[in-house]
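One chain, chain A, appears in both complexes that follow, with chain B as partner in the first and chain C in the second.
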Partner chain A sequence: MIPVLFGALFLTFVLSRAMPGDPVSAYLPARATPEQYWAAYYAYGFHLPIWQQFFIYLGNIFTGNWGNSINVAKGVPVWDLIWERLPRTIDITLFSMIIATFIGIKAGVTSAKHRNKWKDTVFRGTALIGVSIPVFWLGLLLQYFISYQLGWLPNMHFKDAAYPDPPVVTGFRIIDSLISGQWYLVTDYLVHLALPVFSLSFIFLASITRQTRSSMLEVLQQDYIRTARAKGCKEKDVIKKHARKNALIPTVTIIGLNIGGLLGGAFLTETTFNLFGVGNLLLEAITGRDYSTLNAIVVMTTLVFIIVNLFVDIIYAYLDPRIKY
Partner chain B sequence: MEMEKKNVAIIILAIALIASGVGNIILVLEPQFEPEYGLRTVKFGNMYIAEDIDPQYSWDSASFDAGMMVWEQLFKNNLTAPSLGVEMNAFPLLATDMGTYDVTGTELTVNLKSGVKFHDGTDFNADAVVWSFMRLLYLMNTTWNGGPHPWGTLPGTVFYNIPTIVDSLYYVQGVPIIENVEAITPTQVKFTLSEPYGVFRALLTFPASSIVSPFSTPKLDYINPAEVDVVGAGNPLSSYGPCIGTGPMVIEKLETYEVRFSAFEFYHRPRIAFDVLVHVKIEDGDARNMAVLSGAVDIVTDPFFSYFPTMIAEPKVTLLDTGTVNAITQYMGINNKWYNITWRNVFSYAFNYTGVIDGIMEGYGVRMKSPVPPGIKYHNETFDCPTYNLATARTYMQSMGYGVGFTTDAEWEAATFLTMNYTYNTGNLVREGVFDIVEKAFDKVGIVVEDAGMTWEDMKDRLYNRRVSSAGYNAMHIWWVGWLPDYNDPENFINPLMSPDSSSNAAQVNDAYLNTLMLQGTQETNEQARKLIYWEIQRYVVEDLRHWLFGYHGMNFDCFDKDLKGWVGNPIAYNDFYGTYWAGELRTGEYGYMENGFIPT
Partner chain C sequence: MKQEVSLEQLKGELEAEEEKSASKAVFKWFFKNIKFLLIPASRLEELTMREREYEKSVSKRKFLKRLKSILTIIGVILVLYVITLAVFGAWISPFTFAEADDVYGVYWTAPSPLHPLGTTYMGRDVYARMIYGARASLTMALPAIGVSLGFGILFGLISGYTGGWLDTIIMRLFDIMLAFPALIFAIVIVSIFGRQLNNIIMAYGILGIPYYSRLIRGNVLQAKELPYIQAAKVAGAKNWRIMFRHILPNTIQPIIISFTLDIGGVILSFAGLAFLGYSDPDLIEWGRDISLARGHILTAPWASLWPGVMIIITVLGFMLLGDGLRDALDPRLKNL
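Let's look at the complex of A and B:
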């Protein structure tokens, strides 16, 4: 874990500095003078060789100082910024993945069970649309039809701008609103998350459905399934007890990767729906050459991937007892 | 029996669980505790959000928009009435008059309003004015009254680590303009200037000239944006953070996604006619335009042209053609160091201006005919500004010996007399579009234009000559850029862009006659005499110098809820909500000049 994190940190540090663009130019107003430019350049240590900057950065990290944002939110410690945005990203990820996982697995199994029947055609068609349509385009369509034309749901942001924020206890808006007794903020939040969660769910539901269907079809050809049927097992039990569990292993991998990716930020969805999550922050950090913020997000995403992969491995062992670690 | 009891218990528990779940869902879907929102709220959707909220530091337009609801200056531009070609006028805001110069033109005495309160409840008076300007000069790390600043030297450990970036406006030829500010009486101050400076009244309308509360504002440091909404952060006297001005609204919260303000009940002019203002950051253009159409925000400025038909057809919103062009000058810079007046004449007549205005801007722009835009003091566009004329451009080429004897377009297009680069920042659709136009247009006079697209940060390095060795002014041949004014004075459109002393003079203009005129223009304090000087400057650069290609000014459009009234656009592009109100929600004593005939004095 440590070498992976170190590697990610090193690569991000070097690559971010190799990007075209200049953090000081991005940080200063357009009309700052050359003197002011160079003053800031030296103040932030950009004149030093990269290896020297890296070791200073590492030294700071070991003392708990990950640096302050220089562009996204000037002077704010990067982890404060990330912790402020992360709960929204977690909410979107969890809601989307729960919906996508349950419906996707069910749809994939049903599709495989009814191979080449109308149900299979419908699910496969929907899944094909899901994997083909860009998420931002789906978002725009939803905004136009559901929000503007029908007026059913708000089109953007995570709250009605007129509403206040609940007192921060956990950082999670739903929990904080409940703690403070402001139920209307919970409703408001859920209503605002509906369209982005639908967009993300739809995209991931498609990949989960396709993966589950293909694994199920493979498993259903296996000898032990034929044996189960031959010994008189009900078809329901054959699917539930013998086929589904075995077919889920590749699906779990897909789900794990999706969760890891989403927690690192669904920047297209967050930008389209103006959600101000980690993905949006990552985009702002890249465009603003906010190196400290960028590095911290990449490290966080790497850590999330490592943890999620660990869970995926544990789930493998549960799904297939032959797997031992 | 035992089994039955168990089943009953399970059923009861299941019912209770379901009931609780349903109850929670009902509570969530049908909230019983709606907030007491009788508050009249205006939600403004903007691409950017305020980054800084220190008036003596802020420079970006979103911070100005936020700041102008909180901070006030001695004078203010009347943003409420301008139309195409009509100049904005300044009026006394925290002052009672526009000040009187002494005979030397270096002392301006201004009388102040009495009874004005800061948001922290303390009094606005001459001492607060003196303190605010002392703070400005301290943050500029410069002198006070001819000697060292009494507050000491700006340490390198201040929040931003560098001197304030607004300071370049407060210098003339390297010398600080303001030498000293004295409180003559509690309601009268005297500014002593280092030399006569005709721009000074306009400079006093600029945000950095705001008057802040000495009791709440950090004296020796910038206001940290992270502390804005920390109660009492500036001073225990204050029930708010360190952002304490005299403006119509109090700032309550500054986040990376929104800024929230509430009405200041003890404002010295009529109370603002709504209760809460929220600036919402919506970076994505489509989301922003959809937000106003769907009612998520109440107003957006500069909506996309592609949304105009929907906005016009939508009864819930008003698409307002403000009747003004914005004061942003959009022009093609020419490196005067590399290209003499004959070349500049070739470029001026060979360029297809209509292609930019009708093609890229879809007709929503007007030709720029002077470096001083409409709506800005002393604007004059009666001079002979070059228009597209291929024959004239070719004549100038032939006067230099190029294309002599050519009679057909094919001959010109086949020849290459000059190769030059066009610098622009990729992703900027206007500047990318201009490349196509200039490439085709200049090809007709035998000039090859090469693509020099780059990031905005790299382009800024060239525009402001920051990395002189590798990418300063000299690396650019032609480029397209816009210039946003800081205040309503022609000097702001001339000197920074044409003075050899300015870091913004990317065109490297250095003309002796113009230099003399610019100096006269800044030193003259008589309005009539200044007007004549700036008319001559405009004539000279448009007819004789032709240091740029004069491009266009965009037209101001805003889209807002049909019930939102009192909104007016202005050429200087400040989004000032004082005067805006909801139809039918205007209360006695509140500001609503559009219906009630208030005049902003």
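Let's look at the complex of A and C:
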């Protein structure tokens, strides 16, 4: 885990420095004198050898200093900047993951139970469309039909323009609104998140349904399922107690592996719905060559991937007690 | 004796059936060649000649039968449709490539006889761009997967077969690459080297290497312990030869399945990248069309609707084909 994180840090440092152009020229005004340019250049330490810069950067990280944003918001510490955007990304990713996991497993199990019946056909067809639809296009479609044509849900942003922000305690809008007792802000926020969460979870749901269905069908052919049925176990218990837990192991793997794709999808969805999440910040950081912001986002995403896969390992042990670490 | 008669009959029937149509000869040639790679049962050396013939015909029959599901046929049709658009687009489309990629006509007009699906930004014809977009999708997806597949097989074989410190190093590097966010990697690579087609292909080619390597490596580790590898070693075969002549053909089956399924995934990734504005400006690409048309979705919904439909058709085709191939090649996994 630590080597992987270190490797990601190294890789992103090298890649970000390899991008042509530098942040200083991007934020200085066009008529800046060479003296001003070089002064800023030296101030950020870009004149040092690249390996020296890397070690300075590493040293700063170990002392908890992730650097200040150079270009996106000049001089603001990177984590403050990210923390301002992160709650929305976390919210839509987490909501989508929870919804997709529950519905996906349910749909997969139902689909396997009623194999080749109409339920199965419907779920399978939906899942097939789900894996082949681009997430941003689904978002656009929802925006067009549900918010523009039918007017049921708001189309963009995470809040109504007329509504105030709750006082910041944790940064998460739901929790903050609850603390300050403004219930209408919570509903407003949830209503705004409905379309992004739906489009993001639809993609994820499809792969979970497919995987659950296939592993469930494989498990249902096992000997111990026949034994369970032969001893007179109720079909409901056969599915719930004997089959489902075993069938979930490959599904959990899929969830762990797809978390990277889910975050990428979250970035795209944020762009579609203008949610001002980490995805937008990332694009700004790349176009502005804002090294420290970019590096911090990469390290954060990698960390999320690693932690989720750690959880996946723990869930394995719960699902299959034979696995011990 | 009784069995032999039935075998003969079966063979006779099969041959008579095959001679019926010339189109089947093409199929016959194709499966004769692909089957040797893919179906281990057709290579059992201890079978006698006649039984082998029988096995071949039966397994060929089974393969065809399994491939003949309605969904697979739809997948084949969709893929062929997209390939046709990519190859013969210039004949099908009402506008030439240059006209479809130039300032032309009136911006954002509704569907009319001249523009059957309306026009998009700079007055370009949506229908023509739908057709020409197939070129970009296929020319990007196939080489990208090719790169991942080639290097993935190479690294997977080497690291699985040699083991030791080389294996550890390669796998640690791949762990880092797997954990690194793919979208960010692609954007950064494109920012470094420019938005040309080959750079985007390279970015996704590199991103795919760890997946294939892991897949291959797992199979190699299993195959390495089997007696025929030891026999090859005793016979004095070089490591290189063992890897590519003996191990590779026995580990390639899951790769071929995931190859077809991954084409769809890669096309989706390219569309996402283009949606964020990172695509080759010289190409006609569905993802970029959607991204440029989305600001006008209220006045011109057709401009962002149709490219998306084409993406779905392409990806769905490859997904269905991949599912069908997996069912036919590996019946154990039939149920996905």
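In this section, the second predicted complex is superposed on the first by the 300 of 325 C-alpha atoms of A that agree within 3 Å, B and C clash if a C-alpha of one lies under 4 Å from a C-alpha of the other, contacts with A are read in each partner's own complex, and residues count from 1 in each chain.
The definition used in the following text is that a residue touches a chain if its C-beta (ideal position, glycine included) is under 8 Å from a C-beta of that chain, and two chains touch if they have at least 3 such contacts.
As the structure is a prediction and not an experimental result, all values here were calculated from the model.
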Which partner does A:T271 contact after superposing on A: first (chain B), second (chain C), both, neither? both
Applying the touch criterion given at the start, work out whether A:L81 contacts chain B, chain C, both or neither, answering first, second, both or neither. first
Kindly classify A:P20 by the partners it touches after superposition: chain B alone (first), chain C alone (second), both, or neither? both
Name the contact category of A:A230: first (chain B only), second (chain C only), both, or neither. neither
Figure out whether A:E218 sits in contact with chain B (first) or chain C (second), or with both, or with neither. second
Which partner chains sit in contact with A:Y37 here, chain B, chain C, both or neither? Use first/second/both/neither. first
Look at A:I2 in the shared chain and tell me whether it touches chain B only, chain C only, both, or neither; answer first, second, both or neither. neither
First (chain B), second (chain C), both or neither touched by A:H157: first
Classify the contacts of A:W137 with the two partner chains as first (chain B alone), second (chain C alone), both, or neither. second
Could you give the residue numbers on chain A that contact chain B in one complex and chain C in the other? 20, 140, 143-144, 148, 271-272
Note which residues of chain B are touching chain A in the complex, please. 27-29, 31-35, 37, 39, 41, 43, 51-52, 59-60, 156, 159-163, 165, 168, 224-226, 253, 256-258, 260, 276, 278, 280-284, 286-287, 290-291, 293-294, 296-297, 454-458, 460-461, 463-466, 468, 496, 503-504
Partner chain A, residues of chain C touching it in the complex: 172-173, 175-176, 178-185, 187-189, 191-192, 264, 268, 271-272, 275-276, 287, 290-291, 294, 297-298, 301, 304-305, 308, 311-312, 315-316, 319-320, 332-333, 335-336
In the complex formed with chain C, which residues of chain A make contact? 3-4, 7-8, 11-12, 15-16, 18-20, 112, 115, 128-129, 131-137, 140-141, 143-144, 148, 210-211, 213-214, 217-218, 260-261, 263-265, 267-268, 271-272, 282-283, 286, 294, 297-298, 301-302, 305-306
Per the touch rule above, chain A residues touching chain B in the complex are 20-22, 25-26, 28-34, 36-40, 43-44, 72-76, 81, 84, 140, 143-144, 147-148, 151, 154-157, 160-165, 181-184, 186-187, 190, 271-274, 276, 280, 289
